[in-house]
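You will see chain A twice below: alongside chain B first, and alongside chain C after that.
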Partner chain A sequence: MESRGSSLHGYGGIMKRYLKTIILFWNTSLAVQLEYQLNFAIELIAMIGTLSGSIFILSLFFTQNNTLGGWSWEAALVVQGIYTLLDGVTNTWLRPNLTEIVNYVREGTLDFVLIKPIDSQFWLSTRTLSPAGIPEITLGLFLIFWALKKSGAIIGLKTLISSSVMLLTGIIILYSLWFLIAATSIWFVKTWNATEVLRAILAAGRFPISAYPTTLRLIFTLLIPITFLTTVPANMFLGREDIHMMLLGISLAIIFFYISRLFWLFAVKHYTSASS
Partner chain B sequence: MKVAGLSKRIIRSLLSTQYANMLEYRVEIALWALSGVLPFIMLTLWSNNDAGSVFGFSQLDLSRYFLSAFLVRQFSVVWVVFSFEEDALLGKLSPYLLQPLHPLWRYVSSHLAEQLTRLPFAVIIAAIFFLFNPESFWIPSIGKFCLAWLATLLSFSISFLLQSLIAAFCFWSEKASAFERLLFVPYLFLSGLLAPLDSFPPSVLKLAAWTPFPYLINFPAKILSDLNVNLLGGFISQIIWILILLPLVIISWKAGVRHYTAMGA
Partner chain C sequence: MNNSLIEVHQLSKTYKVADKEPGFKGTVQHFFNRKMQEVPAVKNVNFSINKGEMVGFLGANGAGKTTILKMLCGLIYPTSGYVLVGGHSPQRRQEDFLKKITLVMGQKQQLIWDLPPMDSLQVNAAIYGVQEKEAKKRINDLAEMLEIGEELTRPVRKLSLGQRMKAELLASLIHNPSVLFLDEPTLGLDINAQSRVRSFLAEYNRKTGATVLLTSHYMADITALCPRVLCIHKGELFYDGGLESLTNKLSPKREVTFELKSKSKPEDFLGYGVLQQHSNNVVTLLIPKNELTSMVSKLLTNFDILDLEINDPPIDEVIGKLFNSGSLE
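Up next is the complex of A and B:
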C-alpha cells in the first residue's frame, strides 16, 4: 500500500505526508501543554534567573581582563545567547520527545511505534513539542542580536546565511548526541542520568571554546563537538567566517547524524519487546 | 528509647534496607556522580584564564577549591522532592503515613544510603583528578577534615529541609517538583559551585550572605581545601538556617497531611 502510494506521488508525496504529520503532532501537543500555565510561569522565572546567573558568572571573568580566550564581552554574550537558544530548542523539541523513548520501551508500546507505516526514528523524534523552551528561544535570539549590535557587527545577507547554516549544523549535532543516548534505552531502562551527564558536559558551551585549555579544546571539537554548537555559530554572526571550521562542522554533523541513524537501526534489531 | 519516632533498631533496618535498594542502582548512581563534573569544567576556565589571582587564589587554591566543591556537592545532593512527588502520585504515600514514623525519615535514610553507594565513585573521580593534577594533591588535617565533614552534613540538612518544604506542596499540587527549579537556579549560581564566592563583587556577596546558598558548597569546600574561612560565622549561619527551616517544615507537613486526600480522591 505504502510503496504503491509513494511510487504514484513520488518523493513530493512522501514529503507532504511527513510535513502534514509533523504539523498535526505539534499543534496538539502545544495545546495540551499550554494548560499548565503555572508551570509555564515557573519555567519563565527559572529561565530568566538562569540567564542572569550565567551572565553574572561570565562577568566575573571580565573583572580584570577585557577578553576571555580572545573574546570581548559582547562577543562572549553572543555565545551565551546561542547557548540559551539551543537550550530552548532542547526543552521544546529534544527533551520531550527523546526522554519518552524509555517509557515506550518499558511499557512495551514501542512495538506499536515500530509497526506504524512511518519511520520510527522520525516518529520518536518529532512526536511532540513543548512550549517550555519558547521563551528561551526568544530571549536567546534577542540576546544574540542585542550583543551583535553592541559589538558593532554588521549583519549582511551573507552573515545571516552562514550563521543560519552553522546554527542548523549545531542543532543537528545536538540532536544526534541526544538521540544516541536516548537510543541506548533499548538496553538500559534508566537513561535519565546519562542525559544529565550530557547536559553537564554541554554546559561547557556557555563559554567560547578558546577559553579552555588545548586538550579540552580538542575534545570539544572532535569528540563531543561542543565547539560547533555555540562558538562556531557565534563566529559566523560576528562576521568571522572560517571556511575550514564550517566544512569540518558540516562533515561532523553529517557523520554524527549518520551514526545516530545506524545506531538506531542496530538498536531496533536488538529490541526484543518488553514481554519477551 | 525513641527520639522523634526513631529507635536504634528502626535506624539500622531503615539504613540497611535502603542501602541494599540503592546498590541495585549502582550504574545510575555512578552516572549521576559523573554528572557533577561542572566544577571541573569551571576549574579549567578559571585556571586557563588566570582569573583567580584577582581575588588572591593561586592555581593550587583553585584546583583544590573546585575538587572540594565537587566532593561537597556529591555528599549534599538532595532529591527528596522528586522521590516524594512520585510516591504521592503513585499512591505509595498513604501506607507511609499510616506508619508510626515520620515519612521524611524514610527519605533521609535513602539519601544517606545513596551517599554511601556514591562514595566509591566519588573517590574514583577524585583519584582521576589527582592523576591529571598531581601537584594539587593534598591531605587535609584530621581536624579540618572533620570540620568539613560536619559542614557538609549541615549543608545536606539545609538542602534537605528546603526541598522538604517544597515537597510539602505535593499535598496541594500534583506538580510540586516544578517549584524545585526556582530553588535550584539561585543554588547553582550563589552556592559557589561555579565560582568561589571570593570572586563575587561585594554587593552580590552581601546579598548572597542573606541566603542559605553560600553555606551549602562554598563554606564546606573552603574548609576542606584548607583556605581561609570564617569558621564560627559559617557554622552559626548553617545552624540558624536549620533552626529557621525545621519548624517551617514540621508545620507545613502537619498542615499538608491534614489536607491530603490521596490521589484520585
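Up next is the complex of A and C:
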C-alpha cells in the first residue's frame, strides 16, 4: 500500500513538474515573439490572402455542377474550415517546434535537451507556441459552424463530442507523421525539404476525400491518412457518423504516435552530437 | 567495492564519416556515392575517478576529449566498453542520473538569446523540479559566488561573453549537481573572466564536494584546478596521474638563468648542462633536476654571478611537445 501511495504521489509530482515546465516554455516563447511585432502582422496578412484564395478556388468548383465528390458546397466548406483550423494548429504548434529540431541537431544544442531530466520528445514538441496561427484557428472554427448552419445540420452534444474526438485524432496523426520526419534529421541533419513535401501532400486535405480518384483515396486513407485529418471529422460534424472509420482513425492515431515514439528513442541512440 | 564515482572500462567509440574531395567532381561523387569511413575517436580507454576529485583532460584538438566527456554524460552511445557514473549507465539517461550531473559547453549556450538569464533559470528550475523558494536561494548563493547580479535581468544578447558564461554556469548548476562536466568553460574569455570562472569552480568544488571533469585549451585552467590529469592522443589514454609528476617526467630538467659580471664564452659552460642561450652576460642552462644543487653551487663558486633564477620550462611548451608526440618518451 505504502509503495503504491508513494508511486502515485510520484506520478502527481511528475505531472506537476511537466505542467509547470510547459507553462514556462510557452511564457518564454511568447515573450521572445513579442520582440517581433512586424513579423507577426505580415504573417496575419499572408494568412488572410491564402484563405480567401482557397475559398475562391472552392467556389469555382461549384459553378459547373453544385457538388464536389458528392458533397454540397456547404458541406465542402466544413472540410475547408477544418483544414483551416488544422493549418492554424500547424502554424501555432507543430511548425515552430518540429522545424526547430533540425537546428537543435545542426548546432548541437540537442545536447542540452538530452541532458535534462525531462522527456526529450516532450521538450522538442512543446518548447514553443506561436500566436501566428490563432487567427486561422478562429477563422476555421467560424467557417465550420457557419457552413454547418447553412447546410442545416443540427449539432447535438453527441455530434460535438465525436467530432472533437476525430479532430484530435487527426491532429495526433499529423503530429506523429511530422515528428517522424523531423526525427530523421538526427542522421540527415537537414530535412526541411521533406517537411515541405509533407505540407504539400497535406494540402490535399482541403477537399473532401471522395473528390479524388480511387487509388489516391486509398493512399490518403491508409498510407498517408489525410482522410482522417479533414474528411472524417467533417462527416462527424455533418452527422454522418461512421463507427468503422472512427475506430480505424483512432487505431491509426495510436499506431502512428507509438511509431513516432519508438523511432525517436531509436534515433537518439544514433545521435553523434555536433563536434566542438 | 571501492569508492570510485566514475568507472570507465575499455571504452571505445567509432564514428562513420564521409570524406569529400574538393571541387565539383568531388561534390558530385559525395552526393551520389558517399564513401563512408570508420574513424576511431576513442580507443580502449580505462580510468576511474573518485568523488570530489577535479580532473583535467589534456589533448590536442580532435584527440577525443569531448567524445569521452559526452559518453560520460550519456549523450553518445559507446561503440564498446562501458561507463558507470555513480552506479548509473549514462546512456540510459535515467532521471536520477540526469539530476546529479551537469554539462557546460564553452561554445554552445542554453540560455534563451532574446530574454534575460532569469527566464532561462526559471525554466531550468521547473525542469529539475526545484521549488521556487529553493531556486531563489540557490540563484542568490551562486550569483554571489559568481559576482553577477543585475545582469540576470538583462537580455542575454546584451551581455558580454564573460557575463554570459557566468549566467550559463548558474543555469547549469541550479539543480545542485554533484558531477560537473565542463567542456572548454573558459573559451574565448579574457584573462580576468577566465580567472574568475576558475576561482568559482574551485570554490564550488570546495563547498559542495562536487566532482569536476574539465577539458580546456588553456593550461592555466588545468594547472589552477586539476591536481590530476588524463592525457589523450588520437583516442588513446597515455597518461593518468598527477600534473606535477607529468611535468617532471616530461621535463626532468630545470632552466637556470644567470647574469655574469664579466663576459664569457659558450665553451666556459661545458660540463655544467645544456646551453640554451648565451648573449653578452646572460646565460641560460638546462640542468637535470638531480644535479641542480651541486651544479648551481659549482657555478656560484666558479663564476662571478650577479643574479640567478631557476625555472620550470614553460608548461605550455612541454604539453605542446607532448601533444605532437603522443607519448612520454
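Definition applied: the second predicted complex is superposed on the first by the 267 of 276 C-alpha atoms of A that agree within 3 Å, B and C clash if a C-alpha of one lies under 4 Å from a C-alpha of the other, contacts with A are read in each partner's own complex, and residues count from 1 in each chain.
As a working rule, a contact is a pair of C-beta atoms (placed from the backbone, for glycine too) under 8 Å apart; a residue touches a chain by one contact, two chains touch by 3 or more.
Since this is a predicted model, take the numbers as computed values, not measurements.
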| item | value |
| --- | --- |
| Partner chain in contact with A:216 - chain B first, chain C second, else both or neither | first |
| First (chain B), second (chain C), both or neither touched by A:196 | first |
| First (chain B), second (chain C), both or neither touched by A:244 | neither |
| First (chain B), second (chain C), both or neither touched by A:45 | first |
| Chain B or chain C, by number of chain A residues touched | B |
| Which superposed partner A:111 touches (first chain B, second chain C, both, neither) | second |
| Of all residues in chain A, those that touch chain B in their complex | 36, 38-39, 42-43, 45-46, 49-50, 53-54, 56-57, 60-61, 63-65, 68-69, 188, 190, 192-194, 196-197, 199-201, 203-204, 207, 211-213, 216 |
| Of all residues in chain B, those that touch chain A in their complex | 25, 27-29, 31-32, 34-38, 41, 44-45, 47-49, 51, 53-54, 175, 178-179, 181-182, 184-186, 188-189, 194-195, 199-201, 204 |
| Interfacial residue positions of chain A with respect to chain C in the complex | 13, 17, 20-21, 23-25, 27-28, 31-32, 35, 107-109, 111-112, 114-118, 269-273, 275-276 |
| In the complex with chain A, residue positions of chain C that touch it | 15, 66, 70, 73-77, 91, 93, 95, 98-99, 101-103, 105-110, 112, 114-115, 119-120, 122-124, 126-129, 183-184 |
